[in-house]
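Note that the chains are named A, B, C, D, E and F in the order they appear, and that numbering of residues resets to 1 at the start of each chain.
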């Protein structure tokens, strides 16, 4: 775009689908190895070596999936909205594609957080679902993802779909902190801490270190799947470009 | 090592169902997120290559 | 209007199309049903942004002078943009507020000229198909905008109505305006018509 | 010669942005008032909900009183949401929306006028009849000011946010999205603060905090929503 | 010669009333499924109501359980009512309704097919998701069969009666009657018997009587409504 | 069809209008916008009952033989009756089920004849204005009904399309059918046209 002269060089490069495709291809093996190592190591640690919680017993081990997926679901939304904004303002195609690739990953992670939470809730609170602040705001985040995905699939023209989705994601982004605080406030008002989530400082190191490993592993895994989706999306949209034709025919 | 035997490990102190259900779901979702783009990518490449070959023959 | 230059690149419908419209000129876009006339007009008017290529208005890229361009444009699409629950007069008054190039003081006159005298305060849903479109067409009588983009303006209009509209377009041209239009009927009275045929273009 | 034409236009007494705002407001109000048979008329919807709850749930005053703040706010929210879809759809269908986007006047003026018209016939109307309905649901008299104030400050935000969803979906002929799905998550904070305000009023607690929060949401909405709506409309029509 | 033409038509394998019924049912289902963005998609509406009540009223399980039967039935009723308007309106707007009235096939066949399609996507769909929603509202498990049976028998009546209102109001451009006001009084008996059945089921009382009453209403509706709908359509289009 | 006789009495639009349509005849209703053409056609087809006077079909009052009449009538109104969400083919299939005079086995052929081959499975909302109307017009290719009532069938259709439709009408006439139509364009190829002008009538 003519009026974005002040953008640094790497930004331009990122904007080139071809460059982006190649750099993703180079990074993918490294991230895959890291993700696998961290996730498998973390899971073994979490399941076998970490001590049981004195209150919740072994059901506590669900935390090693639950918390990373919950954190990732939120980070993913932020990435999606930021990428959407970049696509909207600078008309950068790659950013649109990143935003589009984020939505299904984020939604699946939100599902994982919701399901593991629900499963955890049964032994801990005695019911699959309660209208608790965190649960409710996670459910709403999931709805936001659904909305973004539905809107994207409903619009046929790809550039229009990307723009519309970006607007929605941005509006949702403004709203996420508002939802979080309103829901938390609402809940503490009506239902004074019947069920308090375990607080972080209360955790000994042999419990939270594997958690940290899992969280980092989840980030690596997120990067892997995002890059894979992004590469597909680049290929699909740039199918008329010369370099894609060369690439495909060279194989 | 916080378990003394394998059966103890499986039962997770009575919470086996919940723990294994969660981890099962976790594995499914992680693998799904890896397999889905892999397969979509394969299909897409095959489809695009086929079209390219068709077009280059056609012209 | 010195120079309007327009160049487009689109995959399916037309490729490498380029033309310019000068003051005092009528450009008629021709083509069979589905050949992309409406699509082209929507792109030219700035409604649709799904295109590749450049459009210039008075020598400037259109995105730079969007505001000025809107001020000087009158667009008439397939849908007449007439509210069935409002009367012709109410419909027009709103358009006058919306677009500075429309002269609110001549609404009654315009309605009379399109043959709707006596129907000013009938809600549009009890007008006939042709009268409905005439309500929207009466904007042409109010407009000072130099560029008119008209998509099949004569649909459902009777012969006398068509003749009157053609005369109006002729007068607009004479005043130095320009018109881009599509129609499946032949333009009869008008002289300075240049036509662009979309059927020749592209793979459709 | 061509420049003469443009000049003529600028010499005429022009209708400025203010005039456009008023004209659009009048037009939208007129349209809604003429089309009385509109199904999702928010008032009718409101009344229906209030008739149905005692019949369907329980006619017991104590229970109804407990239900009232939430039921009123849920009804207000649903009424807004259901009437939202037609905000731009009728304009889109008959071609007025294209004309609107081609106007040289700032888009947010028209958008604000349309949202204001919508609010006057949904949120404002609901606020005005709310006391009557609250009495029918046995809401204690202490709750009234809280109810009315929270509705008055909260419902404009609902209209503003809903209009974003309406603008995003207006071009869709087929499939996919649900305006409700898009908008509902965004409505939750208003619902929570709104009902909290009413409940605080009923129990005699201070409700200034909730009203301030609702006001902050409204200010945020007023500042950002018109931009988002305008952008969304352009995107939808272009597609 | 002219008679030859007519004869040719009668010799061809003709599509009879049964074929028309199936074709219309398919068409209407297809239309609704493609237009997923339809605002008052009853299922979405249902889910919305269920999310909003805990947020707006109170998240307490005991209170929600008490609210559940009524809230579910009120939501079902509103969902049906709100989706009713579009039953004939889209056909009227695009001219299909005229074609439908000019068909030599019996009108009530098409009408029944359209109402059935509407019910399948509102009443039937609601019945099928009701258990999930009931769990989220903490309805006791004993109430489930009563809830599902009463919805299954009661909702078709809602669709049939609503269609009469929709047919009467379809031609109205301006003013006049409100479909909700026409239809709501007729819905009240269904609502009362329906919620009574659920409440009976929850408390372990026999619910056969209520279900029989709902069945009687349905039989009456099936016998009379198609005729009324057909007549109303002819009047609306002719006006 | 031996004898179709029709007589009408209406307050505002036309008074004492009477005409008959024979087999193999085209009757063109003429008149300015708002002169009552659509109103007349809706009355003739039995859609509107707000009239005074008598209409006969094959010598019988129309109310007596409504069923037979519907079977032998094809009506094409201002609104095309095409669902935007369905594909052209799905649209036509439903019409075939609705009306026994339409031959379901020829749907593909009819779509090809109106130039929509290749668009069978595109939802109609992404068709152009003319293509949209063509979907509805393709019913003419399927129909065995002796009487066609067509209200401005050529609106938004390009010139080649109009010529094809006129040829089709000519064939229908040759087979002994009859047509009542309105249009603001001149019928070019057709021979046996009798026209009835509504402008002369009434106080409008």
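Methods note: a contact is a pair of C-beta atoms (placed from the backbone, for glycine too) under 8 Å apart; a residue touches a chain by one contact, two chains touch by 3 or more.
Just so it is clear, the structure is predicted and the values come from calculations on it, not from any experiment.
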| item | value |
| --- | --- |
| Labels of chains that are neighbours to chain A and to chain B | none |
| Copies chain D and chain E - rotation angle from C-alpha fit, nearest 5 degrees | 180 |
| Which of A-E and A-C has more C-beta contact pairs | A-E |
| Chain centre separation in whole Å, for chain C relative to chain B (CA means) | 56 |
| Centre-of-Cα separation between chain D and chain A, whole angstrom | 32 |
| Whole-Å gap between the CA centroids of chain D and chain F | 44 |
| Distance from the mean Cα position of chain D to that of chain C, given in whole angstrom | 34 |
| Overlap residues in chain F, where contacts from two or more other chains coincide | 78, 84-85, 123 |
| For chain A, residues contacting two or more additional chains | 136, 150, 154, 156-157, 160, 186 |
| Of all residues in chain E, the ones touching two or more other chains | 34-37, 51, 55, 58, 173-174 |
| Interface residues, chain A side, partner chain C - complex | 157, 159-160, 240 |
| Chain A-facing residues of chain C, complex | 11, 49-50 |
| Chain E-touching residues of chain A, taken from the complex the two chains share | 127, 129-132, 136, 139, 150, 154, 186-187, 190-191 |
| Residues of chain C that touch chain D when the two form their complex | 1, 23, 45-50, 67-68, 70-73, 75, 77-86, 90, 93-101, 103-105, 123, 144-146, 175-177 |
| Complex interface listing, chain F residues touching chain C | 31-35, 37-38, 78, 115, 119, 127-131, 134, 152, 155-162, 184-185 |
